[in-house]
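Chain IDs A, B and C follow the sequence of writing; residue 1 opens each chain.
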């Protein structure tokens, strides 16, 4: 459904993102994982033409066969909210505090669909129910500040799926929310995706969250794809050293029987920190922070292919045998 | 030895006290807890549970309306009226957002020296400043810089260095790593652990991340709506939550934990 | 080069070089603004010692001569007085009243605003109302009341503008000051024992500084024009004492006959206001640790 080929996003002299190939099959949930400076948000925004004004984007992003890059603003506006839904990080800021909920949700519908007022109203009510918000009729007339963070995010999800998009791009949708609320939102997203056959591009720095929602994970470092593959493969048998260290750095809550022995235990750190835009090393961008770097790493690593579409770019990957890609 | 911090029947609310006080107007209600010297305590709960407020009351930054708070055997109100500087010196805080906890118009040199200037009434020497920075793994070269020139991780380290410069007894950390990248979080958390054992600090950490709390804190209190719903040894509470609320927190944390089984 | 620097010639030359380098790195607006302001101040001061023509001289036969005439570069007004002389004299009063009133009003207003912000949510409401009451006082009325007590003139005009502007400065300060007080680094300062006064003066004030500079620039412009209006209404300086504002107002009815009479004081006001604005801009830039100094070259 969505095919990214040779995408390059640059601001000034720096190439912030370079993705050789990334696919999102119809209805599939793919996670884009990275820390700050990884270019994950830039990539997501470039898909819908919302990259910063001074960013230069080249390459190809095809959505259902037609090219998205290079389209005019009016054409992109038709896609956004229509075929591609978008939810962003801070729900409180994405909602207009002066506009009632009902009106905000109906906006996308009124722009993209040709429905009578009554039909729009019915659709809004149905959407609010689908995102499991209680008492939709009452909710229509409320203002954002009267809702909790979780409810606000559900409203935003409702707006995003209002026109039955085939793809939903979600950028850190649960970062600002409490952990119990987060669970609800994540489950809702999975449910909506399954029910509607809607694909999700889930952008986040949290591997645990992405693991829960997505069937495939793409890991970005310094604007480059370092590892892509089915979730289980990337998480359980990660190959790229960055993915490996990312997993080790924040393992989350241990199993009950292991809790006691982890008390007071130090975290596994990744040496150093993400360099500034112009300070990445040549060759493999992670090599200055990698414990396994060798001389070979001063050259960009080739794409290695593992099983089931699991690919990564590392000269000294973790365990297992690798098959270098032809060419 | 009596606990370092003793709290009983603590009530706190923001704003003016009104004649008729409804229950839910209180941010903290009837809290009772003890913190032993040298212990590590985690404070968990959702937003609005009052955990940040609790920390500020224990530090003496907010004045509670009812109940008793004792620090090192003395009532905190006594500390505040008679020896406020000593109280401040012995209780320091590390804040959540590294960028907001440093005045953008102050150089690192000046910012780092503030607690000593204020509480010890002297200007710290460059040797001292360098030493403090080394403790947190930073180079003295950053002394002349301004906050906007440093990364979040570096700023948070400066915040920690600043807090421990006056050798406090208790270090309160309010979500110290939530605003940082994952790879930097691990570094700062390790730093907190090191600093704590090196200086024998009592560490009280507020966090929404149960995974982090389970590693750093031997004891934990779970807060909801201004009340403490559970308290005890972290590993026990998280393994066997006694209340539905705690259980919900644990379940939600496990859902997104990497240690959980595959779907 | 005199030989008194023979002992350490390199040191003093190096010092000079450093000063020079710092100066050329200053932002361009600062230079331009400072130049404009200092020029007008110089002209105003100069008027005490020298003017092209006798300030008191009225030369009716030479009235309303256009600029470029024989002996009058900028022409003459309706009483035959030289425009250049009138401008110089006017500079005195206009600058005096506007600079003094703005400085005093912003200082007192900002300090009051800081104080109010520092009192916390409990008292902030009622105290802000006091500032609001001040805002609602009709400034002209205040000016008239003062005039009846003190008589018309510079002092009256200055005081009237001060009273008018203090509530504005206070009001403008309270909001941002409150916002800064809610920031973590202020909380941190309290946590290591700083008093409220220290925090207000050393953390809040520097961080709302840029705002105050902008406020002062805007107020200065307004003050010049208000002084003009007050003079016109008989509350400010009275003839034969001159100010640019008065000059401007007297020129108004002669717009058709002698349009240039409005032009000159108008330009003077515009340039001075511009100068102060640029100066303010430049000041904000050099005080901001985050601004890269680009310099004029």
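In the analysis below, a contact is a pair of C-beta atoms (placed from the backbone, for glycine too) under 8 Å apart; a residue touches a chain by one contact, two chains touch by 3 or more.
Predicted model, so just to flag it, every value in this text is computed and none were measured.
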Considering only chains that satisfy the touch condition with chain A, which of them also satisfy it with chain C? B
A-B compared against B-C, more contacting pairs: A-B
In whole angstrom, how far does the Cα centroid of chain A sit from the Cα centroid of chain C? 53
Indicate the whole-number Å distance between the mean C-alpha point of chain A and the mean C-alpha point of chain B. 32
Go ahead and note the Å separation of the Cα centroids belonging to chain B and chain C. 47
Out of chain C, which residues touch more than one other chain, so two or more? none
Spell out, as numbers or ranges, the residues of chain B touching 2 or more other chains. none
What does chain B use to touch chain C in their complex? 15-16, 56, 59, 61, 84-85, 88-89, 91-93, 95-97, 100-105, 107, 111, 114-115, 118-119, 146, 148, 159, 162, 166
Residue ranges of chain A in contact with chain B within the complex: 35-36, 149, 178-183, 186, 205-209, 211-212, 231-232, 235-236, 245-247, 249-260, 262-270, 273-274
Quick one: which bits of chain B touch chain A in the complex? Just the residue numbers, please. 46-47, 151, 153, 181-187, 189-190, 193, 208-211, 214-218, 234-235, 238-240, 248-260, 262-263
Residue ranges of chain C in contact with chain B within the complex: 121-122, 183-185, 187-194, 198, 203, 206-207, 289-290
